[in-house]
Amino acid sequence: MRMILESKDVCKSFGAVTAAENISVRFEKDTVVGLIGTNGAGKTTFINMITGYLKPTSGTIHFLDRDITVLLPREITRLGICRSFQTPQLYDTLSVEENLMIGLGIARRNMRKPIFSRGPKTIPGHKGTAKEAAQAMMGRFALTVYGDQLAKTLPGGVRKLLDIAMAMIVKPLILLLDEPTSGVSAEEKFGIMDRVMDAVRAEGVTVIFVEHDMDIVARYAGRALAFYDGRIIADAKPEEVLADEEVLKLVIGGKKKPHQATVSSDHA
Amino acid sequence: MKRIDPTLMALILPLAMLLAAGPFLPQWVLFLVTLSIGKGFVVLGLMLLLRTGLVSFGQGLFYCLGAYAAGGMGTAFDVSDVFLLLVSGAAAAALLAFVLGFLVAKYRDIFFAMLSMAFSMILYGLLVKTAALGSSDGFNVPVPTLFEAKLAEASTRYMVFAVACVATFFVALAVHWYQKSPLGSLSPAIKDNELRVEYMGASVRHAIHVKFVIAAALAGLGGALTGMTVGHIDPEMAYWTTSGEFVFVTILSGTGSVVAPFLGSLIFELIRSYAYEYSPNTWQMVLGTSMLIVIVFLPAGMWSVFASRRKRA
Amino acid sequence: MVELLSTVVDGIIYSSWLFVVAVGLTLIYGVMKILNIAHGSLYALGAYSAASLGGFWLGHGYPPLGSYGMLALSAVLVGLVMGPLIERGLLRFMYGKDEIVLLLATYSVFLILEDAIKLIWGVDSLSIAEPYGLLGSVDFAGLTYPVYSFILLAVSAVTGIGLAWVLQRTRQGKLLIAVIHDSEMSAVMGIRVPRFYLITFTVGAMLAAVGGAFTAPMVSVVPGMGVEVIVLAFAVVVIGGLGSLKGAALGALMVGLVRSASVHFLPQVELFSIYLVMVLVLLFRPKGLFSSAEARKI
């Protein structure tokens, strides 16, 4: 399998606080990886470093043999890594369809090289007109019925879906999801992840997601990374990671079998 | 049948009527309309910025620079062709905005507003101290000519008026199309959630830089036109209170349509002439009170009244 | 050498004036996140009131030294009247709206007050020069300065130290600092934020008026005198960092010295030396000299 993303000895400290210590991971193309860990363990910091929101204190991150360690978020997005956010980042004053149209407009502009920019443009286009492409994406995420509604009036679970749809619309090669089911009711969680995974499978995208809900990780991820105190303490198939002694003790807490861990520890 | 863009109609009809009626209209009407168009250009630029969530309290910088560039071309290089003067005004302003944009585009909200104000005050200070440009008295702009022909005064006024109308059509249409283009349609997105724009791969700073330059070019165009119409320019054009008036008209007009700035500008000039004549010491009070009323009760500007009326019909 | 000393002393005197004029603006912004453009007209109101009250005092033959008290009193009165009027009468209905909308609201108030001043006091210039020359002048190192300049310096120092003391040593001051950092959280914790807003705006108005009142004896009190002050105050505040007290002090000092130097050595740049300083500072410190750290967004 081809390697698509690699971090080498990535460290991040904020003054005296070490948020990440020697994180060295390789991600393979077309895989689904779940990142678990308690709050403050370093998962979101890691994602933030990959997407360029934070710069590592030391270490490098490579995407398809290209060093992206110090690139700006928008340059990293143009290269093919896109993310969703813990709190959905939407254009609240615009409708769902307009939200997606903006994304398409940006993606199309990225095809042509603007005057002040760095980095190659690797985002391919969509089929049909912008409106058709937006509607296709809405269909895939069951957003069609909300098409004309303003984003700020949407229910929480739908906002999450739109946030992920926005990340998908620029046709990324890697999709990073930051707690895609946090703040969503238990019944909706699987619905959301099913939709996301269906859409992803159709596009051939590598997915890395951060989650507190172990069921979600067990069900959708082919690989799990457990973070603790800024380090990765386990890296294997989800069932193995979730049964690992250290992970159980430090991350999950107590000897619980994965399918019984239904209470997710996410707090807003 | 493809629906004609209502904006196109809103532009063509009134302008065509004005052009046709022009020769029969009294001089003061021609003067007023041309002046309103000149200031309308500045407001159009401000509208572009406002849609992006930015308010510039310093468009006077480009307005004044455009006027002085046109005036300078006339006085120093003996250029009087009306088109050249207009273009030189817009170009000078655009060039300065390109340079300043590298700094200014990094700022938002109050900082953006006040930084732009500071630059306009720098120009004001420079001009007041420059004797060669007439210091605080300014100087007169030479009479514009059309294709080498120097016309009689009344005809010149109509000529400038006609050029202004034609320019309005093309410029307003261009801005209208720009707003529909991918870069233009980023404005409401930037205003709403910059973070998301960046994380989808677009450069917010670049977009703002471009809009800043466009708004400046429009202001420079307006300044050149105003200078030609009034015949005299002075540093007061760069004073922050001038910029404040432009902001007022922008708020009054709203961001609904490219026609709004010109309409708002015309209404403003009409009210100003009457209010000032009636009671010069309460003019500012009238302005301030009106602005408060608009901000509180009509946050989308006066144009929203027209827009909603159309939807209901 | 004398030239240098004179530049420095002139600079410090001008800085103290700038500080008094600007500190109210930065206080109001720091607490309420409003850039109060009406600050300029409050300054003018201070000057006009000082001219009226001072003129009344002196006209009735009361001890001339009391005119200084009249200056201070007029500033306090302007603050006590205009502060609540503007804050309770208009601003409090607009909290929560965009910063820019509030800016435009204060701009509207400024426009209204400018004409209100003309309506109340007329368009002719007023003068209240006696307090300026009253205490005579003092000589040192070959230079002559009116004692009044040092009164200004004293007013400035008292204001600065007084504000700093209130903010850091008193309980109310510490609560105010909490409101500055996070008004929403403060409200949740039981701090009566609206009351602090009212007090802050009133004090800010008073400080603007102090600037105007103590400037009145030095200049001709005319309509429009507040217009230029706004941009000056704003520039100082931005240099120092919006909302920072010591920033306003340092900013005022920098601007004062630079302006003094330009007056003495390069008069052509005097008018806009302040804005040049502002642009230069912003190039290196985008949010001013002392700016608060920003929290993580995602």
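As written, the chains take the letters A, B and C, and residue 1 is the first residue of each chain.
Assume a contact is a pair of C-beta atoms (placed from the backbone, for glycine too) under 8 Å apart; a residue touches a chain by one contact, two chains touch by 3 or more.
Not measured: the values here are computed from a predicted model.
Inter-chain contacts peak for the pair B-C. Ranked by distance of CA centroids from chain C, the top chain is A. Put simply, the chain nearest the middle, going by average C-alpha positions, is B. Put simply, the C-alpha centre of chain A and that of chain B have 44 angstrom between them.
Rounded to whole angstrom, the centroid-to-centroid distance between chain A and chain C, based on C-alpha atoms, equals 50 Å.
We define each chain's centre as the mean of its Cα atoms; on that basis chain B and chain C are separated by 33 Å. Of all residues in chain C, those that touch two or more other chains are 298. Residue positions of chain A with contacts to 2 or more other chains are 89. Among the residues of chain B, those touching two or more other chains are numbered 195.
For chain A in complex with chain B, the touching residues are 51, 72-74, 77-78, 82-83, 89-94, 101-103, 105-110, 114-117, 123, 166, 169-170.
Of all residues in chain B, only 182-183, 185-186, 188-189, 191-193, 195-203, 206, 209 touch chain A in the complex they form.
In the complex of the two chains, the chain B residues touching chain C come out as 55, 103, 106-107, 109-111, 113-115, 117-119, 121-122, 124-126, 128-129, 195, 240-241, 244, 247, 251, 281-285, 287-289, 291-292, 295-296, 299. Contacts from chain C toward chain B in the complex involve residues 35, 90, 93-94, 99-101, 103-105, 107-112, 114-116, 118-119, 123, 227, 231, 234-235, 238, 242, 268-269, 271-272, 275-276, 278-279, 282-283, 286-287, 297-298.
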